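Got some structures for you, see below.
Two complexes come next, and they have one chain in common, subunit A, joined by subunit B in the first and subunit C in the second.
Let's turn to the complex of A and B:
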């Protein structure tokens, strides 16, 4: 379980998170939604142990997050951070040397499933195939927490579809929790079991998506708009 | 991407409706194995936990049976499927009547309307 206790984060000029307290349940696919600059990436990076709080605690299974807890978290960042002169195959092998929990066989299986040519150089991959490679590298790690920051952004519908199918095929919700940020929230709404709404560095709600449909009769986007209006 | 869902009704119930409908139409036969939870999740682009919930609900309705280690199957008890068909009929009628009432039609208007419609349809076919 991931727990935030009164967490604040201040960068030089900007308050990124303000007094966030939340417990995130395990075994679910959770959407993290909010407008640009609302603190989503900071929230994710704290779970990944890449950013430490100015105040408060972030814990995974009661252990403070740090580089040490990074072995529990696979983090897909918004940015591409691969060696472009590697082939897909070499990239997979490089990742296997970086992470003890990396399952090479699974990585190959996912790459196969997504129909990416394993011998292509990364720099020659289309944007869509780079997106697929990132997913494969993230899902091939045998870790309890998977974080995906904008995995669908800028990709065409076919690629988005194959990424969603890949995710559904290769995660194990009995052992894993997935947190996704995306601007295409309507598109992946059926995929999400819960959603966290965030605004100006504050967590507004953690809610079951089926409850939003049943009680509020709304899409997540409309629910988020409603929350934003109530807070404003 | 997957399929469209109505945003004002839980997806697990929409999947229950869809699968019931497929069974009644004979697209899924008695005794037939349903896709595994994961397969169904991938096919419909839906969260696996939502699919599990759908299967649990179908099981509670006794339309499907889960056999340990083998999967989930459409029931072979014909009477359960007849009940389901009746239930779907009643649901459809209820929806129809509610909407017609909202438009201000009386019960007689509705019955007349249906009779005329069905007669016209028969004449057009012959």
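Let's turn to the complex of A and C:
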């Protein structure tokens, strides 16, 4: 279980998170939604142990997160960053050497599914194909927690649709918790089981998507708008 | 392939172009001076240039590490989202840099030695054992480069930590710290504590130099020179502590 205990994070002049306390259940696909600059990326990086709280604790299974939490967490960054000198195949092999849980066959399977040329240099890939490679590298890890920060960013609608459909087949929901941030909420809505709403560094709600649909008779975007209005 | 060899392979690829550039530069300078030396008629010109170029390799590892670390710094999460320890991440860079240093220095010093042996000049260097001289010289260069490289890695990592909190002021802070540490180091060298910690364990090492002092009824050949082992032990412990501190900063304090 991922737990935030009174977590605040302040950068130079900006308060990124304010007194966040939340427990995130395991074995779910969870959407982290909020406007730009609401603290989504900081929230994800804290779980990955790449950012430390200014106050409070972030824990995974009662253990404080740190950079080496990478052995429990697969993190897909929103940034377009790679070792450009590697080919796709070499990138997969490099990741396989670094992460013991990396399933090289699964990586090849996802790359094939996404129709990316395995022999091409990463620097020569289109932005869309680099995005697909990022997704393959993340989903090929057999870890309890998968964090995907804007995985659909920069991909065209056709590609996004095929990736969203493919996501389910490459995730083991018996063992894995997936947290996804995206601006394309509508596109991933069918995947999501729970949703966390965040605004100005504060977590507004953690809710079952089913409850939002049945109780509030709303889609996630409308529910988020309603929360934002109530908070304003 | 193990995670260590995977890291080393990646490090090699990060700086491969740089290494090829340095080797090309080495060869062009050495061959250029060898071809030119016949015209300029300066005794041992190529060997001297080779010696100077070899000496400049003391700056090789710090510069190499700076380039490699800055490459990672542009995509810090890509480097740091890795379960390997900071010691491994940094160790792979330092080892790769040392190997590159040895390759480049081996080429330059090898060509310098070759040029020295090919030279036929009436002028003679006061070096009796060229191999021993070369060994001492290269050891000093490698040790000096490793020393500076380790400190550079520490300052770079400290900068990465500080920039999260003080932004661009982190550069100024680190530069001031470098100045302060240089002053502190030279002040400390003059203290009795420093002498107690490093000025011990003298051994006599064979001298490569041909230093004969001859007067009437007095003949002295300097065949050995005193060397304090304590100095090496002190510097080694300092380096290990700085490296461990750097690894701790990388594992616990650097944010992306």
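FYI, the second predicted complex is superposed on the first by the 232 of 232 C-alpha atoms of A that agree within 3 Å, B and C clash if a C-alpha of one lies under 4 Å from a C-alpha of the other, contacts with A are read in each partner's own complex, and residues count from 1 in each chain.
Assume a contact is a pair of C-beta atoms (placed from the backbone, for glycine too) under 8 Å apart; a residue touches a chain by one contact, two chains touch by 3 or more.
Note that the structure is predicted; figures quoted are calculated from it, not measured.
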Contacts of A:93 with subunit B and subunit C, given as first, second, both or neither: second
Partner chain(s) touched by A:50 [first = subunit B, second = subunit C, both, neither]: second
First, second, both or neither for A:161, with subunit B first and subunit C second: first
Subunit B versus subunit C as contact partner of A:190, first or second or both or neither: first
Partner chain in contact with A:153 - subunit B first, subunit C second, else both or neither: neither
Contacts of A:126 with subunit B and subunit C, given as first, second, both or neither: neither
Complex interface listing, subunit C residues touching subunit A: 1-3, 5-7, 9-10, 13-14, 16, 74-75, 77-78, 80-86, 164-167, 250-256
Footprint of subunit C on subunit A - complex, ascending: 11-12, 45, 48, 50-52, 66-68, 70-71, 75, 77, 79, 81-83, 85-86, 93-94, 96-100
Touching residues (chain side subunit B, partner subunit A) in the complex: 1-2, 5, 7-12, 38, 41-42, 44-50
Complex interface listing, subunit A residues touching subunit B: 27-29, 157, 160-161, 164-165, 168-169, 173, 187-193, 210, 213-214, 217-219, 222
